[in-house]
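Next up: the structures, one after another.
Same chain, two partners: chain A is paired with chain B first, then with chain C.
After this line comes the complex of A and B, so read on.
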């Protein structure tokens, strides 16, 4: 079976330089992840939403101060209290009209009380603007979120890398400690420290710090165990790099994806624990508003003024939803093999 | 296997000991005293301290507490006169346990069904819808769901009673649903990814190649194998339920231990707080232990060490 070579033309093998030509620029790990993340519309929307919220919270410091949100007109409580959200436009449910339970017709408290101002998100039971209080609460939630992230990075990553790198009995003891800590329900630990340290943002952050880093430490330790067997670590070791330097230069950058995804999971639970603490009266000190305290304060009036509960709840849910969606997107972007398609 | 269980039990008892010790000393450094009624004279406070054993040296109090705690005696409540903490907890525990169990059962069953439906309809509208529902489910905390359910189905359309427990089954519907959503969402996401993996695995290919109907392939081969790993989720989910139920009990005025715990915080009823903490920790540890043992029994591939 002699092949009829004339019928076939060998293509592209003559020019060896052309074979080596790379038509597209090589993508770094981060560029590649970003390219994949951009394909996930929900994750991108969440990312911009979170950037916007963060920027908004920062800028809001200049025009909505803590005092402004807490101040109320003690002579006119009756006039301003429990005003429903009013956009100033005839949008049903957002036009400043309220239907009292049991009543058939809607009433217009703004007109009846002769209030000129429009409260976009309404007012609370002593006439404070709910919009301002939600903004202050948002700031506190984001502060808790940022602190939780730092603690996760600081304690969780260090603990995990150390435990995995050292190995042996050090690892066993450190893992036992994690096991013991995680067998106590978070709520209990958070409550205990809330009780011990009194009300306030600092005590919330400390309470969350004590419980929040456990799963990060576990994940990082598992990653360290597998990464430390890699050749580049061996190379660094034989070149005489110190362990700290190997951890910072080689190990942590290589598990950045895992770490970021884990943070996306820690943050919503930290925000939720702030709300939980506030709901059991261990949150921020009373005149200060946090999303959780707004929800729990207004809960008793749910039947009559549902917007006072639903607005802060909605904000809380939107933030944690954005973090979860972005986290999902990032997980797929960093590890395309894990996602099915 | 027996060795494994014994080892785990020993660790459990050791952890319990640490939890008791930690709560005891935390309570000691807690600011405030339960006897802060201004009407009490110093003599009366001294008498009260004596009656509750608070005048003994710290180490004696600790040993006393430790020994009694392992016997299931957590002292007497400061808040309710002559009520032992174990009795208070004992009365309320079944209520919380029932609520938690109902929520877990509803959540897991709903999650199994939704996860399977989602995987079978991969990348079409049903899958998309279930994906949205389950993502919402994990991002909305159960207490907010509780409040929303309370408003919608309690006040706006009064379908179910808004508070109480034990008078009728309908009272438990809203709190159970509010608690069940998170487990349902977690299980849905988990089963979906497990089942998609199973559907592309070799044994499913073989089952298809044998000429089994799609229904048999899915139900007999893929689904059964994706259900096993769900067991591993029950432990962590129980922890979430504990947190959730505390607030849900408060919202729906259910006389469970969660409500007890929350109400004893402002009154600084230390024995109740300590007792509840220990019971919570014990419950969680037992759940995790049972989960691990069940996983090992059901799936022999899980190596016991």
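After this line comes the complex of A and C, so read on.
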């Protein structure tokens, strides 16, 4: 066995230190994703917008309480009702002037009704500040968004990883459960919980909890099925790593991109879901404002007081759009191959 | 060869593993395979794609459950290992994977990849000790210390494969299954990795099961070679015997497929076709020792025939 004793001789550059040196700075997966995200202007703007909105909603808890937004002066409904947005500055359309239904000239309801206060976003049909009500509605939308995220992460990811990892009949049963749940219309679930717990944010969140994580669980299961055959998972197995550790160290970090993008898709649909439910009176209870209920309340007056519909709709559209644009940017940032063309 | 009866480290006895057992699409990935690996040797396993080489490697590491037969490691039956004993066994037997890109988790730093085995088996008491061990392993496979904080995608194929080797060595194993460790690398890097593996074998007195489909490379590194086809082991012998005096027609066919690095000789090279009816005619075949230490899967008559052909 003479051949066994001699080594190959490497011709040319030897295994020197310089040969092995990497001069490129070390970028982690997250740093790299952040670098790519920054290239997408719209996504960055959306990100900062959402950060601002979230911060604003948190801080607003201290100075705009639910009660304040719901309260109205029952003796002066006529004086305060349907006041147009007034910034206090001579900006056309935002100066507190309004063309009354049927009138030819614009009038100034603030001066006519002797209102001292300036309502930046106007008032609704019983004289409540629309600004305050939109802030409360925004908070509810974001609460729904955050709880949808949590449920997606908690139930969806765990369920998906478990189902994909176990495989076999466990997987079959778990997938059939998902199919059964997803065949139940959301509306029925919400109505049932509305009957059980009374309409409100809680029953909406529970309805989302029951149905919202299904697509996340499916996606995560698919990823798990493909990732669990990867060599690094086999390597971890052959080193004796436990299944839980493999899931935490190897599976979830490698599907982080999918998970985040999936969340960004779930959030706007959860927000819309809440708005739709509130609009058809299955959502939050009347004195409480939600973007959906504000829109549906003002709908009948759309021709006379369009701002009462436009303002909450605008906020709703902006949040959803920001989530969608950010989600788009994140998908590109996490999966550069998918967006090369 | 001097007969000193070396110690058997791994013994496979009538091992079977069928995928989709009892169904129409049953695959006999390992079909009654028996062989031994002696301590300190390199056992090469060759065969075409899908012949069950990799499956055997993974079954030995208990990544798959065999349907029948027994496996022994260092005198201990490992066929039904569970729990504590299984994790002890895994400290002794490790694997190097084929695709260095796929075998490293891209979200982890090289330090954490290499230290995975150290963490699992609590081999380091403190963070400093862990780092020192990783450092030592990086040195061993010829990588720099500043590589520890980098991510796998920043490395070349050969470097990645060395990280994979360092990971396998972290638990100080006796036995390493190298599952086509060089087939994903280009030729100059293949030499680098094979040399490293040989060097490590000397330093750490390792035993290898070297799985590959490149017969010339297997001959270079192995002491003994086993030839597999369709889940069956067809021939076992010392690498010289198998390479220079092949018995089984399949081995002959495999050897005739090796390109010769000389255009004139290459032009004259005749490929020997392999007639698979020899495996499918349903006759009872067993491993028969035709020459000392050189076994072939055959009926007694065929074995006699093979013997005659040699002369």
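Basically, the second predicted complex is superposed on the first by the 306 of 341 C-alpha atoms of A that agree within 3 Å, B and C clash if a C-alpha of one lies under 4 Å from a C-alpha of the other, contacts with A are read in each partner's own complex, and residues count from 1 in each chain.
Rule of thumb we're sticking to: a residue touches a chain if its C-beta (ideal position, glycine included) is under 8 Å from a C-beta of that chain, and two chains touch if they have at least 3 such contacts.
Quick caveat, the model's predicted, so the values are computed rather than measured.
Trainee: Could you look at A:45 and tell me whether it touches chain B, chain C, both or neither (first, second, both, neither)?
Mentor: After superposing on A, A:45 lies clear of both chain B and chain C.
Trainee: Scan A:191 for contacts with chain B and chain C and give back first, second, both or neither.
Mentor: Touch status of A:191: first partner only.
Trainee: Check the residue A:234 against both partner chains and state whether it touches chain B (first), chain C (second), both, or neither.
Mentor: After superposition on chain A, A:234 lies in contact with chain C alone.
Trainee: Does chain B (first) or chain C (second) touch A:309, or do both, or does neither?
Mentor: first
Trainee: When the two structures are overlaid on chain A, which partner does A:295 contact: first (chain B), second (chain C), both, or neither?
Mentor: Touch partner of A:295: chain B, not chain C.
Trainee: Contact-wise, after the overlay, does A:206 reach chain B, chain C, both or neither (first, second, both, neither)?
Mentor: Touch status of A:206: no partner.
Trainee: Which holds for A:250: it touches chain B only (first), chain C only (second), both, or neither?
Mentor: second
Trainee: Mind sorting out which residues of chain A both chain B and chain C touch, each in its own complex?
Mentor: none
Trainee: Which residues of chain A touch chain B in their complex?
Mentor: 101, 176, 179-180, 183-188, 191-192, 195-196, 198, 268, 272, 275-276, 279-282, 295, 299, 302-303, 306, 309-310, 313, 316-317, 320-321, 323-325, 328, 340-341
Trainee: Touching residues of chain A toward chain C in the complex: what are they?
Mentor: Its residues touching chain C are 1, 3-4, 7-8, 10, 15, 17, 20-22, 24, 26-29, 230-232, 234-241, 245, 249-250, 253-254, 256.
Trainee: Which residues, counting only chain C, touch chain A once they are in their complex?
Mentor: Answer in residue numbers: 58, 61-63, 86-87, 90-91, 93-95, 97-99, 102-109, 116-117, 120-121, 142-144, 146-147, 149-151, 154-155, 159, 164, 167, 171, 188, 191-192, 194-195, 198, 219-221, 223, 238-240.
Trainee: For the complex, give me every residue of chain B touching chain A.
Mentor: 11-12, 14-15, 18-19, 23, 26, 29-31, 122-123, 135-136, 138-141, 143-144, 147-148, 150-151, 155, 193, 196-197, 200, 239, 242-243, 246-247, 250-251, 261-262, 265-266, 273, 277, 280-281, 284-285, 288
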